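In what follows, chain A forms one complex with chain B and a second complex with chain C.
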Partner chain A sequence: MLRLPAFDFQPARSVDHAVALLAAHGNNALPVAGGTDLYANMKLGLFAPQLVIGLRSIAELRTIRFDPQHGLRIGALCSLDAVARDPAVALHYPALARAAAMVGTPEIRNMGTIGGNLCLETRCNYYNQSAEWRKALGYCLKRDGDLCRVAVHSATCKAVNASDTAPVMQAYDARITLVGPLGERNLAVRDFYQNDGARANVKRADEILTEIVLPLQASGMRSTYRKLRLRNAFDFPLVGVAVTLATDAQGACTQARVVLGAVTSAPFEVEAAGSLLRGSHLGEEIAAGAAEEVFKAGKPLENANASLLYRKRMLRVIAQRALEDVSHPLR
Partner chain B sequence: MSKNGASGTRAHVVGAALPRIDGYAKVTGAAIFADDIALPRMLFGKLLRSPHAHARITSIDYERALRLPGVVAVAVGSDLPVRYGILPSAQDETVFAIDRVRYVGEPIAGVVAEDELTAQYAATLIDVRYDILPSVMSIDEALRDLGADAEKIHPESRKANNVHKDVHLTFGDIEAGFAEAERIFDNEYFFEGNTHAALEEHSAVASFGADGKLTLWSSTQTPHYLHRVAASVLEMPASRIRIIAPPIGGGFGGKTEPVAHELAAAHFARKTGRPVKFTLSREEVFYTHRGRHPVRIHLQTGIKSDGTIAACRLQTWLDGGAYGSYGVATTYYTGALLPVTYKMGAYAFDGCRVYTNKPPCGPKRGHGTTQPRYAFESQLDAIATELGLDAGAYRAAIAVDPYTRTVNHLRVTSCGMREALNAVSERTDYSSKHGKLSSGRGIGLAASAYLCGAGLPIYWNPMPHSGAIVKVDRGGGVTVFCGTSDCGQGSQNMLAVIVAETLGVDVLDVSVCAGDTDLTPVDLGSYSSRVTFMAGNAARSAASDVRERIAAAVGAELGVPADRCIFESGRVFDREDPERSLSFVDAARAAEARFGTLAGVGSYTPPADLHGDFKGSGVGPSPAYSYSACVAEVEVDFETGEVRVERIVLAHDCGRALNPHIVEGQIEGSAYMGMGEALMEESAFRNDLHRIPNLLDYKTPTILDTPRIEAIIIETEELEGPYGAKEAGEGPLNPVIPAIANAVADAIGTRIYATPITPERVLQALDGTSGPLRLRAPIAERAV
Partner chain C sequence: MSISPSKMLATLRVNGRDVTLAFSPNATLLEVLREELRLTGTKHGCELGQCGACTVILDGTPVLSCLTLAADAIDRPVETVEGLASDGSLHPVQRAFLELGAAQCGYCTPGFLNAAVHLLENNTEPSEEEIREALAGHLCRCTGYTKIVEAVSLAGRRMRASADE
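Coming up: the complex of A and B.
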């Protein structure tokens, strides 16, 4: 098997301690929570920190609290399994429970954290390869090279955000908290990500993600997450679709968001689909129209385990199925 | 005979669903695999591999690597210049590339160091300079006329362009056969290459003793062939080399030939005087490969009005990758076993294997027969539909009969194909479902046959294919010594069962010593589904040999004729008067007192009359053939193209099941593996590189993708098999792939002519944008 490179490991006692360690060691240190992403990438030679700062020892970041006035607060170190099984999550944010339960395998969900999944390194099948493989290729824009292998004329890296929970968080209009040496920042998930595969979020190297807050959802809110993958376990999404939708007493749609995962370097909200849905009575025709907007807006590239033509075609199908999920008066 | 035990009584151990003797150690983690071995002062090795698919090496400078603290030695091609290869006709590899590299991942140099990370880093310090050559990455490119100037992948090859091997065989009057046919079905298929994906990555540990002897532990399915090649490459007498095959975490054909890291470990152990371990990464396993060949198949079948096959012409093109490996045998195998299932009037076979700049292909479970079987069973399905016949009944009607010869002169003995076909048809109610299920749902059926061991060894020799020694201790313990290597299929258990049955003792009183060239007689190895049949016969013969002496001693003690002594339940007794008996322990002591140390020897050599007399007739003959039939039920999502296999029913004629649990395990594993090959697995290349050399991106089914699998054991009486047994390790895989393909065709109303049947291919078929593959003129690209 591939071996981890040598590194020092220091568990953090608290958020402040973690931040202090990161500040002290600068670019030579990386934080780790569950390690399901970082350690695999370190084995591939994608990261080589001298110091790895363990966050799992910070007990304060491992709680899930629901407050009927304000919504849900999830500590970043909650395991994906804990999120998937939490009764409040299942009741009020079923799409999040569903997305968390679809990540990887039971082992990965036991180790992997919600914060880690939101900070998931962007993926590309020219990038998630061993050092020897990438050398044979001649490297790429994201690491050690100057050419994007997926889009050769692109100035930015096209690696995709393959997180299952990120599009869901954005669809719920969640906010996250980052803590760094200068204090705390609180920002919307949509502002956390940016569409550049080489720098996929705005978290600074000396910050850690501590908490996610999901606002209270309007009554009558329905939500879902649909994931296309080639196998029923292990696989990252080829296409992910998160939908949140609220209706008034007459059944007219008052709020709607359709957010795609695994298509671009950031979760991608299809505004046109949302505006088509808002004010309408969701039925087959409207759903088909919204799915058409998703199809038109989503532009996958040749960087995953299915061709871009297939993924493009599936955008409409998966969006349609997600909209079917929320068109029934469930949950 | 086969329903009875050794001495005319009912069998007690054979046929019993006992837990396997190595099961507990395997599931608790107690079993010691090659990578678990750690020796004092052991060094760790790493191979430097080529980043280019095709290039001339102009220089190698490893001074920096050698100077790195912790590095103990470096070796390159010139240190081990002896060429080797599993087949005598293809001695085309060296441990490290000399002058030229032919695929990305080919070993160029080796480093050993005090720890693995140092070795890994040191390998990156080796400076290799190349002249890059054009690469050849497909069958079509390899067949393309190179013209005068361009260089072949193997310049010394006498074949045109990049052809490695071409074979042409005709049996019966093929033209007359087609003239006689009422209809001719003519299709082209493509079977994508794929790999074994055994869980255990290859590992080897070598130690060079103060006595000048080398010991090499390796996860190899063929310790004997490794022994021969190690002697040749290391230029050492075989008598100074000991090969030990520890338990293996899956082989499937991927560990059947000597490869670089094993020989490198041996070389470095000798050079440094310290033990050396090489364990491959998963990516390196993908480069070591020797997996399923991609094969393009052109199949023409002439059918008479009653559905019988008047003539069949098969043409295969195999993408062999960069080296010969078993490829000559694979090429013949793509043709040899097609006539073993159905009667046909005449048969013509043309096979052509090409070199490409990819990791070498070799044998994977079903070796070379899997790809044409997929094509043939797909076409038969279309034929049955065209003729309005039930696919199961049609196959049963044209099936070969037991104890006959095939059109290509192969000897068929026991044959349970009709029974297997009936079993899967009845269990699934196939006839009332096929063509009648709701849209998107489908059912498919297929059948096949496989070898019970290759009739001829890999290197020509007149010696036995398998030998065994059975030693009986005066405490009653029995030890069987045999050169087999257990790749997970249960060969250790098989040896214990056969010896326990023959001597009438508990299976746990038998110890198995296998896969150790110092201690065990030669067995050729775990390939071609030969071990139960051949090693089983050798072990039975060795146990019978020692039993005769014990019977003679017991007879004298009890005053009864030796041939009346029955061995059963730990006792030896008089058949006429069972009260007159000795315990097995007392019997063994009496025999040792009378005859001295108790051991029996046995060996097995296949009969000589298994095949015809023509060039190439050595591939395909086997002392017996297993038969299988499969029905798969699927559901296809018309919007996403996803195929969900809902049920696989797989019946297998294994002769007699020595241990039904293990036979069922092999059937279930075959169903699983076949499903992966049918739907998702592919050796995919892009930019000269393996696109997905890891088990996240190279898709094998997870347990959540695996349907209900129903294994049905069909027992026939194979008179030449040990206690009537045949094989179960490979045969059941073959019908699974075409059964799924046929089920998909039933579900979507159109056929996909290539594997794997990915969602994209399903959608293309539904859109009508795929269609049949382009037909070629037969033998248009015949290469001489």
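Coming up: the complex of A and C.
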């Protein structure tokens, strides 16, 4: 039977309390929100903190507020289900509602939080395995070993950022707030992530993510999220594609972002696709061209439950479908 | 700083009853329900959040008890499959599962029942699509799901009819 390793548990009463507990216990403590990813990883022997600090009890981080002047503020402890069902999210940030609704299963969305999904541990076929399995292989660069099993000459871990909401947040140009013992800092989502599977975001061990702010979107903005997975009922993305696109009154594209998930260790913006779209009138030809740019730029590795060639080919298809989502009403 | 985890004494509210018991801080709700309270209706499946067999209702929503700490369930109502039948008569969802053969080996059934009851409490007229979505987190290796979807639909019709009476 898979049991959790021994640890002490303390629910935090407030953000300040959580930060104080983290500061007092240093690297021996881990914060937990929904636990759907962390507890599974702990059962596999990937983490063994002495103290687990429960964040669920912090009620102040469970609100979603939309303000027509400034945009949307989401408390990091809002469940993925609450985000997916929120009327303001669905109306103003439909790609976020879609992505949140595609995470895991109904049970996982009831438990899992938006902050937890943004801090999701990177994933790899050589990492998300039992302690015995990893030991038999001699471990890997991400944990306990010195060799990346996916790219043997790589100096950095190639585990992928498999969050569904992270590429969407980046496509909306969202910002996040981290709170630690030195105070608060505010970062663009694109600066929060870094392309190193062993250290996939810049959150320090003594900080917690408290809030996500999505700026007001330009009028005429359309957005979507598409993901490829082996089982549509429930799976991590093999590739994910988030698109945001704004047009002027004549239908010319004024803003465009195409951000990929689950391809590299950070959400990956395909600049060439965005610049092709900007200034154009999105139609089949432009969409095909942008999807081609996604196909060229996206370089998945052999680290998920499908071959890299399949994932690479499907990048074009998924990007094409995402572009159809945002272009259809414009035709 | 070293911490030596010791058992805590706490009160859980399970199927409407308050029970005070001792458990370790790292004990999952699943382990406490089965091993301390002997409520073995909730099943150990994959233990990693992939199969849905351990689903219980916590604070009115379906959650995976294998990934929930018992310590995080203190003072929050927990409903397990044992609480579905009342006064010796099965819940309409249980009855429909029985009549239509929606349970074969039965291992996944408690999880399916909890998810289905939660769905029907909020929507007694779910479409097939809505039923399948609500049950998306549950694996069944026996039935092929068709009978399960039919049973949930039948139970919904009966719940609606009895609500109209």
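Here is the rule we use: the second predicted complex is superposed on the first by the 328 of 331 C-alpha atoms of A that agree within 3 Å, B and C clash if a C-alpha of one lies under 4 Å from a C-alpha of the other, contacts with A are read in each partner's own complex, and residues count from 1 in each chain.
Rule of thumb we're sticking to: a contact is a pair of C-beta atoms (placed from the backbone, for glycine too) under 8 Å apart; a residue touches a chain by one contact, two chains touch by 3 or more.
Computed from a predicted structure; not experimentally measured.
Trainee: Which of the two partners, first being chain B and second being chain C, lies in contact with A:A306: first, second, both, or neither?
Mentor: first
Trainee: Go through the superposed model and pick first if A:G54 touches only chain B, second if only chain C, both, or neither.
Mentor: second
Trainee: So in the superposed three-chain picture, is A:N125 touching just chain B, just chain C, both, or none of them (first/second/both/neither)?
Mentor: first
Trainee: One more residue to check, A:H153. First (chain B), second (chain C), both or neither?
Mentor: Neither chain B nor chain C is touched by A:H153.
Trainee: Figure out whether A:H328 sits in contact with chain B (first) or chain C (second), or with both, or with neither.
Mentor: neither
Trainee: Examine A:K135 and indicate which partner it touches, taking first as chain B and second as chain C; both and neither are also allowed.
Mentor: first
Trainee: With the two complexes superposed on chain A, say which partner A:F234 touches: chain B (first), chain C (second), both, or neither.
Mentor: In the superposition, A:F234 touches chain B and chain C alike.
Trainee: Looking at the overlay, what does A:M314 touch: chain B (first), chain C (second), both, or neither?
Mentor: first
Trainee: On the A-aligned overlay, A:A6 touches which partner chain: chain B = first, chain C = second, or both, or neither?
Mentor: both
Trainee: Share the list of chain A residues that count as touching for chain B in one structure and for chain C in the other.
Mentor: After superposing on chain A, chain A residues 1-3, 5-6, 233-234 contact both chain B and chain C.
Trainee: Of all residues in chain A, which touch chain C in the complex?
Mentor: By the definition above, chain A touches chain C via 1-9, 11, 24-26, 28, 35-36, 39-40, 43-44, 50-52, 54, 56, 81, 104-108, 110-111, 233-234.
Trainee: Could you pull out which chain B residues touch chain A in their complex?
Mentor: Listed in rising order, the residues are 49-52, 104, 116-117, 120, 124, 201, 279, 281-283, 639-641, 680, 687-689, 691-694, 696-697, 699, 701-705, 758-760, 763.
Trainee: Please name which positions on chain C make contact with chain A in the complex.
Mentor: Its residues touching chain A are 1-5, 24-28, 31, 44, 47-50, 52, 55, 61-64, 67-69, 71-72, 115, 132-134, 136-138.
Trainee: Would you mind writing out the residues of chain A in touch with chain B in their complex?
Mentor: 1-3, 5-6, 125, 129-133, 135-137, 149, 228, 230-235, 305-307, 309-310, 313-314, 317-318
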